[in-house]
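Got some structures for you, see below.
What follows is subunit A paired twice: with subunit B in the first complex and subunit C in the second.
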Partner chain A sequence: MTRSLRNLPPAFWGLIAVGVLAAFTQPQFLSLPFLMILLRQAASIGIVALGQTFVVANRSLDLSVGANIAFVNLILAHAMWSGYHPFVAIVVALAAGTFIGFANGVLVTKLRASAVVVTLGTAAIITGIGFLYTGGAPGSSISDLVKWLGRGRVGIVPVAGLVWLGFAIAAFIIMRRLALGRFIYAAGDNPFAALFSGLPVDRTLLASHTLCGFFAASGGVLLSGLIGVGSINLGADYVLSSITAVILGGAVFGGGAGGAVGTVLGTALLVTVLNLLTVFGVGEPGKLIMQGLVIAAAAIIYQQGRRNG
Partner chain B sequence: MQLTGLPGMCHAVVGENGAGKSTLMKILSGVVRPDRGRIVKDGEDLKLHHPLDARHAGISTIFQEFSLLPNLSVAENLFLGREGDIGHAMTRAELAQRSEQALSELELNIAPDRRVGSLGVGQQQMVEITKGVLADASVFIFDEPTAALASHEVDVLFALIERLKDEGKTIFYVSHRLAEIFTLCDDITIMKDGEFVRCVPTALTNEDEVIEGMVGRPIAELFEARAASIGPVLLEAKGYQGQAMKRPVDLTVGTGEIVGVAGLEAQGQQELMRALAGFDQRRGGSLTLQGKDISDIEARKRIAAGIGLVPESRKDDGLFLSLDIADNMQSAQVARGGLFALTPSLGELTRDIMTRLAVKAPDARTPVSDLSGGNQQKVVLGRWLLAGAHVLLCEEPTRGVDIGAKREIYRQLRAFAQQGNGILVTSRELTELIGLCDRLLVIRDGGIVSDVPAEGATEDSLLRAALPTSLDGGQTEAA
Partner chain C sequence: MIGKESHRSIAQRLQQDAFWFRQRGALLSFMILGLMLLFLSLFLGERFVSTTNIANLAGQLAPLFLVSLGQTFVLLGAGFDLSVGAVISLTTAILTLDFPDVFKLPLAIAAAVTVGLVNGVGCVYLRVHPIIMTLATSSIVQGVALILLPTPGGIAPQVLVTAASGTLFGLPAGFYWIIAAAALSIWVVHGTKYGVRLYATGENPQSAWINGINAPSIRISTYVISAMCAAIAGAYLTGRLASGDPNVGIALGLDSILGAALGGTLLSGGVGGPIGTIAGVLIIGLLNNGLNLANISPYYQFVFKGAMLIAAVSLFRRKEAGL
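Moving on, here comes the complex of A and B:
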């Protein structure tokens, strides 16, 4: 019992604290309709953060998720799909996003380059390609299917929330039920021990980056539907928020920890806090500072852990 | 408990894990208060209620965890909290100059302006010792000082301890490593189960007697009986050579056989083991496992075919320290499946193996970082039992493990061999190899120079084979 309590991610306690705070100061914040709005807003970032979970647990990082989302958005908004079934645009967009993740994985494993540098590089390249593709003027032909995914409701429940739930279950199964999940945690914790145990270390890293690309693109589809138009630089802030959510969910830099449930809770906490800050009148600068502090604190805790361990 | 240190002498304290060595040292350094008894220094009764009391009494302790501040420079660390003794705040220049002087007196080559956190473990230890010397300590306590050091750092440490002895300091030295104690210490105090066993001058005893004192039984009982008969060949290398190996090697490991690889430090033991496991490209020769040619298959497939590697450095190469026992033990078995295979349910098998190996832990969900060295080693062994390996390549199976756990590991290795498997094992401890193995190979400069039955082998004969002959000795020096 004590161990399972200790293993709860920081976001769990954070959510309880924030819930109590909101109940006393902003009770309308906890009303069902408002929570559903929060859920819709959290879904896209939640899926991107789930993707980020794979790479962070694998001792890597993906800084290209923002560019990935923007690229997906530009594809979905482009007029060239107008003659086709809306499904086609979604498949092409997801394939492109998945390929970005795959390319990151190939570069990180084959070149043995730092994931930070590689994904920063691919982010710049994708952004450039996006400008070429749209000529700097993003389209506005986002299909109704995508808009339904981003904004629609089933009863009072946002469709996006259901999609998020689906991705969370998929991520949980990958991390906890498939060999890949074991490989990710093991290779993330100690790549040398993983190699000497006979684990496919490189293929694991390739798979986690590819999954991250796919998840980021999927988050991009929901976000595009929510926004409803093509927009240069959509999702730029998702790089920071996805990492923050993963860390609040209990992952550590250096791998070997974190998980789907943690990341879902981490996203919920992050989105709730950001909205509460808005309610309290704290602007963008304050929110950025808050997220930066969370990541800095995580980095410090990681360094301390390494020194003691 | 009794313990007497004399000026200019190095006094070793040995015992199994849990024998009370560390507690005794903590009492001497004021960290733990004694229930009863007295501590006398220079004829004076000491009351040590706090580590500071010990420091003022001239007792300096070098624990495995250092008391240095990682973000300050070497010089700042050396003189931290000593402004009072010196009587005035020091200028940067004075600080640097005094540190330089202190370090050079001990012939240490460390820049005083380096940040301590950026130094290696060995150098941090040197700084810690220098701090003790500056504080004019007359008693130095070392608790497992070489546990985290590389071999060249050990040499520097030993030279420093010899200097301290020459200057008339008293030294208490706690270690598992008997070889170190026999080169360094003048007297040995043996402890068992928190009690004093005996104290003997090093010159009048030998390793076997000391081990017997620690374990409380004759040394022959540490090891299991050798194999009665050896079955067909399991692993055979013919002229096999990896890229990192200096020479091609011929060797066999039979069914039920434990083959030891003896040799001086860094004669190619590790290169051999890693090449056989497939972690080094093959340069030539052939390798067969149970009659099947595995010369050209990669490490993962060799592992799937039944080879298991127990790497020397448990923490760096063997364990997933933030994961639990189950994840650590199951890794090799799970690795056999593809990325998208469902994880097999191995809970029961894991528990069986934990019981069989007598892993001391509440359950399989215990993090391996909570385990002692011996239990961690059992987890690495268990990984290969669980994966059903047939040939174990075992590097230094008992490194950093106490005597009780050593005995357990010897028993398990023998049991593994008896079940129709084979083991190739390297070790720095010749007594261990002679007691554990059926047959011994001696490796020198990358080549196998001797192949003898372990029965009847002596440390003397092995060393003779391991030492370079005068002819090629010069070459080794030059290389």
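Moving on, here comes the complex of A and C:
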């Protein structure tokens, strides 16, 4: 019992603490309509963070998710889709994002270069290509289908929240029910042991980077729908946010911990804290400081627990 | 029987071999740099080889030199510092506060040393992964910088304006900052016991510890050096702009890693050094400068930079894939 309690991600306790704090200081914060607004806002970060979970659990990192989201937004907002069904634009955007992830995976596994440098490099390349493709202008409008995905509601529940749920279930199945998930955790915990045990370490890493690209692009579609217009530099802050959510969810570069549930809780905690700070009148700088403190605290607590356990 | 003399010569030869083994990346970077210089001077001619252009280049590149050299120390010690960009921003914010000039510079240096110590202690004693630790501090430090200086503005201390944008013997001030930083870091890494300990620590902290090197404090010191280099770069930028900008450091943070990596410093520690970093930073500078002079869209710079970064790191294959 104590062991299963200790295995809960830091985000779980954080959410309880924040919930209690909100209940006493800002009761209207916990009302259902407001929580649904939070859910809509959290969905895109949540999906990107789920993608980041695959690579982090695999002892890698993707710093190109921000550029990936921006690129997806540029594709969706480009005027060239005016004659086509909006579905085509979404498929092309998702394909492009998935390809970015695949390219990251190929470079990381074949070149054996550090994932940090490789993904920084691909992020720069994607940003450049995006600018060249649009001529530096944020595109035109975004199709109604994408807007519905980002902003629409089914009853009271936002569509984006349902999409997030779908992605979370998919991520959970991949990580905890499929062989691929076993491989990801094994290769993340000890790459050499995994290799000597005959696991396809390289293909696993390639798969997790590709999945991360696909998830980031999907988050980009939702975010584009929420924003509703083409925008240069969309999603730049998602690199930090997605990593924060993953760390809060308990996954820290291998070690077999964390997963889809942890990351969902981590995203929920992150978005709740940031919004609560807004309610308390804290500005952007204060949020940056808070986010940094939260990352450091979660990482330190997690690390100490691992050493003792 | 081997005499005392030949023992010494064997030791010397081993040391030389180790030096060239670690600098193998720098050699390649200098070859690329040479080719670029040849190419640029052939195709751009007088536009490239002019005193104004070179002076301009030195002034622009000085901050990147400073942070990249600092980053090189951290990378040699098998660490990683994403927080240098935020430290630069914080420094410009502190230096343009409404405060007597005498207190501002010590305050800025003290702030940077604190950030470096926090990074180092977090990574070494609390065992947080360097990427996570420095990502966290970078977020905090950037937040503090934005609180101190919400929008670009403020007035830089006159001393710094003179030191950063003046000329001496016909050469721009940035040139002297570069020479000083390069000479100092090459001396520290290749001419002192600290340098030997740094390489040993970066290659294998456990063996370094067993051989009597205080590896934890060496690793912490690299973060402090990197933060101080970032603070000096921030001071230079404040002087050059003659005012403050809380977002000035963001791009430089990533470019510092690019400069070190292009110079053949491995992110896994113990290989590379400041000599290579000098070539790496010059390659970035010449690339930007050449593309500007040739009137090529600045958007291509992103693509070229990214492609070069990937090409540079792909030249040194490691055993493991991932981080």
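Just so it is clear, the second predicted complex is superposed on the first by the 291 of 309 C-alpha atoms of A that agree within 3 Å, B and C clash if a C-alpha of one lies under 4 Å from a C-alpha of the other, contacts with A are read in each partner's own complex, and residues count from 1 in each chain.
Going forward, contacts are C-beta pairs under 8 Å (C-beta built on N, C-alpha and C of every residue); 3 or more make two chains touch, one makes a residue touch a chain.
This structure is a prediction, so every number in the text was calculated from the model and none was measured.
K.L.:
After the subunit A overlay, clash or fit between subunit B and subunit C?
P.N.:
They clash: once the shared chain is superposed, the two partners overlap in space.
K.L.:
Looking at A:186, would you say it contacts subunit B, subunit C, both, or neither? Reply first, second, both or neither.
P.N.:
first
K.L.:
Which holds for A:177: it touches subunit B only (first), subunit C only (second), both, or neither?
P.N.:
first
K.L.:
Please work out whether A:231 is in contact with subunit B alone, subunit C alone, both, or neither, and reply first, second, both or neither.
P.N.:
Once the two structures are laid over each other on A, A:231 reaches no partner at all.
K.L.:
Is A:207 contacted by the first partner subunit B, the second partner subunit C, both or neither?
P.N.:
First partner only, subunit B.
K.L.:
Which partner reaches more residues of subunit A, subunit B or subunit C?
P.N.:
C
K.L.:
For A:197, decide between first (touching subunit B), second (touching subunit C), both and neither.
P.N.:
Touch status of A:197: first partner only.
K.L.:
Considering only the stretches 113-121, 131-139, 149-157 or 203-211 of subunit C, report the one that runs into subunit B.
P.N.:
203-211
K.L.:
After overlaying the two complexes on chain A, where does the subunit B footprint on subunit A coincide with the subunit C footprint?
P.N.:
Common to the two interfaces on subunit A: residues 192, 307.
K.L.:
In the complex formed with subunit A, which residues of subunit C make contact?
P.N.:
Against subunit A, the touching part of subunit C is residues 80, 122, 126-129, 131-133, 135-147, 150, 254, 257-258, 261, 267-268, 297, 299-307, 309-310, 313-314, 316-323.
K.L.:
Tell me, which parts of subunit A touch subunit C in their complex?
P.N.:
Residues of subunit A touching subunit C: 58-61, 107-109, 111-118, 120-129, 131-132, 136, 191-192, 201-202, 205, 240, 243, 247, 252-253, 284-293, 295-296, 299-300, 303-304, 307.
K.L.:
Can you name the residues of subunit B that touch subunit A in the complex?
P.N.:
70, 117, 277, 279, 299-300, 303-304, 309, 311, 316-323, 327, 330-332, 334-343, 365, 369, 383
K.L.:
Applying the document's contact rule, which stretches of subunit A touch subunit B when the two form their complex?
P.N.:
Those residues of subunit A that touch subunit B are 3, 177-183, 185-186, 189-190, 192-200, 203-204, 207, 256-257, 307, 309.
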